[in-house]
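The structure appears right after this line, and notes come after that.
Letters A, B, C, D and E mark the chains in the order given here, with residues in each chain numbered from 1 onward.
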Amino acid sequence: MQESFDIRERYIPQLQKPTYLIVSLPDAGLVGSIAGEFLISHLNLKEFGEVFSHKYLPPISHIINGVAKSPLRLYHSDNFILLHSWVAIPANGLYPLSQLVTEYAEKYGIGTIISMTGVPISNRLDLDKPTPYWIANSEEFAKELESLNLMKKFEEGYISGPYAPILLESSKKSIRNIIIVVESFLDLPDPEASAIAIDILSKMVGFKVDTSSLLKEAEEIRGKIKGLMQQTRQEIPNYSGLRPYTYA
Amino acid sequence: MQESFDIRERYIPQLQKPTYLIVSLPDAGLVGSIAGEFLISHLNLKEFGEVFSHKYLPPISHIINGVAKSPLRLYHSDNFILLHSWVAIPANGLYPLSQLVTEYAEKYGIGTIISMTGVPISNRLDLDKPTPYWIANSEEFAKELESLNLMKKFEEGYISGPYAPILLESSKKSIRNIIIVVESFLDLPDPEASAIAIDILSKMVGFKVDTSSLLKEAEEIRGKIKGLMQQTRQEIPNYSGLRPYTYA
Amino acid sequence: MQESFDIRERYIPQLQKPTYLIVSLPDAGLVGSIAGEFLISHLNLKEFGEVFSHKYLPPISHIINGVAKSPLRLYHSDNFILLHSWVAIPANGLYPLSQLVTEYAEKYGIGTIISMTGVPISNRLDLDKPTPYWIANSEEFAKELESLNLMKKFEEGYISGPYAPILLESSKKSIRNIIIVVESFLDLPDPEASAIAIDILSKMVGFKVDTSSLLKEAEEIRGKIKGLMQQTRQEIPNYSGLRPYTYA
Amino acid sequence: MQESFDIRERYIPQLQKPTYLIVSLPDAGLVGSIAGEFLISHLNLKEFGEVFSHKYLPPISHIINGVAKSPLRLYHSDNFILLHSWVAIPANGLYPLSQLVTEYAEKYGIGTIISMTGVPISNRLDLDKPTPYWIANSEEFAKELESLNLMKKFEEGYISGPYAPILLESSKKSIRNIIIVVESFLDLPDPEASAIAIDILSKMVGFKVDTSSLLKEAEEIRGKIKGLMQQTRQEIPNYSGLRPYTYA
Amino acid sequence: MQESFDIRERYIPQLQKPTYLIVSLPDAGLVGSIAGEFLISHLNLKEFGEVFSHKYLPPISHIINGVAKSPLRLYHSDNFILLHSWVAIPANGLYPLSQLVTEYAEKYGIGTIISMTGVPISNRLDLDKPTPYWIANSEEFAKELESLNLMKKFEEGYISGPYAPILLESSKKSIRNIIIVVESFLDLPDPEASAIAIDILSKMVGFKVDTSSLLKEAEEIRGKIKGLMQQTRQEIPNYSGLRPYTYA
């Protein structure tokens, strides 16, 4: 762990049980990133550590209030730790990061690792409210989530990117891991999807937060995109046709 | 083996002799992939293990019934083990995977390793029924297959991709390996070729299965492609001419 | 340190306290490079060392007065050392260089590491006078800089490139590091930004220097660019429109 | 040798002295490849070994008579061994292969290593009969070849590709190495050049073979190319002019 | 040294003092290459060694008089050794080669390492006679060269390519190194620049040679280029205009 990531903690937070580790990294729709930033400011989380890496993090510093910090930092509340990255993790760092996350979870006796992300869908703009799904890393945990009935089951498919190796690595170490996956834009930030994810998270972890500011932000994005699309449709004539067949 | 691939088995399956190891990986026409998926669902195979690798598998999880799993998994029936990959194996993993396969076959006293794949041919669409061929990894096994008379001999040529190193690695360890190669599309999934491969496999391994659903699926694909080609022919004028000579 | 960088010092300079290490490397607007060169010639700094590296420096020699030298060299005045690079540091050398800088600072009991750089802004040409900001690497140092009131605080954002790893590495070793960041051009050298940075530096470190030659040089650049832009505007019709929305 | 290449020999061939090692690898005009294949079938060579490599050979199997084999194989007659590759050797394998060849030659007490290749010339199509040249790896051997008078001396120039490192590696180990270089096409297979190389080889090594089938094949290729060129000339107007000067 | 380069010497040349090591490698204008080849033939230098490298030299053999040799070879006269490369050194070999050169110079007690190269200038064609400059690797040696007054001092600038690391490496080991830099073409061979470099070299090292054949060759190149340019000017109308400003 030392060689690839270097963790500096200013103090060891004392957490109430059950304890959670929330991991928020840039991914589709920035759903996890927006949610992570929102929790930091609206739950008034305490920053207690930084994670450094010469090998797996880009040479970028995050400046906050005039002070340069590692872009990968640790925050906490009464019963959870948040590992939040202010920059995208390079591809070669995804597996090492998953080891860092699970080793850190073991060290702190974390009961459940939770992440939030988006699943891009093409008709996102037409949705009234995007649907949330869960992905678990064991069949026992899956049963529990099914009975909770907070979101739909992610029936079958693939998940790639930063959360995929964490799911597998935690499974190997028998640490529970859930990903809250909300329908989202692919290339645009999706604060509405983040708001939905945070609402579910708050019920699981047990905190209260008002996500209406995110919904308002979402409304603005939606307005801008709709205006842009209307204008585009006027200028580019619609065309339809057969597409080459692709399987599954 | 530990360093490159990490095998987790929930239990050790007790298998009847003769025992087979079937390996299904994405390749030309997805012939092996479609066949592998078909066997899992239609023979009701039991999933008993996962294979992990930080080095040779992409950071992708396969979700099934809400649960994230490694995309490379182990299944079994009464007399065979199936190693099935739900994702394409990166090029740098092909040789290490061939070692994993043969070491695993040795560990379980496997008599024969079997794979199914496609050989792309240009006039695939015009074929009534694609022809199956066999490739063996020793002259003794070749004689046996010739006398079985289930398919034609693959006279001369090259095979590249995931099955090529398994053929050579098993040959070095004196484990019998056969590839059932069926004429197929190159870029399109070919369930008809898979059905033909499965029919032959069922006779070799000794199981019964109805592949008519695959043939129906093939009929649909064929219909779509023919429609697409008809439309294309109307719009792109045919042209013919001399091509630069190439040898062999 | 030996393996990656090889430091050759002709003598060990005796410095008055408080001692500073100024690091000037090519970056946005060449603000640090221009400032470094200016200090070398106008403060009559003494060159006392060269830094070599087969691994992290390009195969380029800097010739001065007929003599070939390493492009990464050490200079000093009465109370500071300047590490100045005459060539851009390749990306793979940024982290190792940050270790070199902090190890060197420790060896010489340096109180503060100082660098100057530019932050590119789109309307640079329209500015009367670019604004300087500070970035510190600890909250204690930040408070001190705030009370000094020589420049504005860099509220929030990111810094990438050669100075980012030095900020983090020095933070880990509890050595104070400040970056003087001045609004600048992105692709053009910006001597005016350098002049502003030098003026602030002179107050912090305690030396006197006349930067009017830099301001004159800046005036000439500004004149040429304005002429070029005027000509361009006549030939390329202005166009405006909606841009796709991007977050933050 | 073990780590990079793995040689499997079914038996150790007993060879008459003087013993030769012929190496045939894909190169310009496929001169060596065509010659190697021709010797295998027309001299009825016995296949006695395979060379495997995870590191230096591509994941390709050569299928012959239904049986998959390594594409790099060993054959022999009464007085020579043939190392023939059915695939191109990747660039990173050229130096290791040259070590394999010379170590293998030492092990079998080989007197001379012989290879055949083409030297591309622009007016190949206009030649009545391409000229053969020799390249030796020592001045002593050169004198001997000069007195043999079977082909011209390759006066001065460069040879790159798979045979270049074998020339140098055998020179370092004082094993005689000759390359028979015949004028050839660059991008087209050249069986006529191969026939000329085989005729010379037969006199050096002492065997009899009828290369008229290769000459017939060459006639056909020549016919096709001439037809293609005639057609091309009708459609593309000839143009001539000054070319930028290049040295040597 | 053994691991990266392998030196084979047929004998150890006995040299008179002061002893020089001349290094000629392909670079701008091929000034050093042409000069090296010229010395080999016109001073009748004796070839006594070859340098091999699997890691840092391309898989190319140089053929001379029918014999294949390493493209990096050692020659000598009464008082100097010439290390001449018949091929360009790949970028990853530049630093290791500089170590080879200085270690070899130490082994033979060489007083001075000398190289010749070109500095490309845009108006090369209009020059009556290109100007030669010197670059030294120490201030002591620079003073000596200044008093010799054979060429101008290279005031300030950069030198990249094969000679740059040799300058620095020899400086670290306190071996004198001079580069004779002559104004030259960038992309065209420049025998006139080579002739000027050789004339200066002959005075420094103490030999006599007639470079008029090089000047004649230069005249021919000049004639061809002028013809080509005249023709080009007739067909491409001249245009002038503002260029975007660039610093220094």
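A few points about this structure:
Here is the rule we go by: a residue touches a chain if its C-beta (ideal position, glycine included) is under 8 Å from a C-beta of that chain, and two chains touch if they have at least 3 such contacts.
Just so it is clear, the model here is predicted, and its values are computed rather than measured.
Think of each touching pair as a link: the shortest run of links from chain B to chain C has 2 of them. Least step count on the touch graph, chain D to chain E: 1. Computed centre separation for the pair chain B/chain E is 59 angstrom, with centres defined by C-alpha atoms.
With centres defined as mean CA coordinates, chain D is found 36 Å away from chain B.
The multi-chain contact residues of chain D, meaning those touching 2 or more other chains, do not exist; every residue touches at most one other chain. All the chains close into one ring, and from chain A toward chain B their sequence is A, B, D, E, C. Here chain D touches chain E in the complex through residues 91, 94-95, 134-139, 142, 145-146, 153-162, 164-165, 167-168, 171-172, 177, 179, 242, 244-245, 247-248, going by the rule given at the top.
Considering their complex, residues 6, 8, 30, 52, 54, 58-71, 86-87, 188-189, 221, 224-225, 227-228, 231 of chain D touch chain B.
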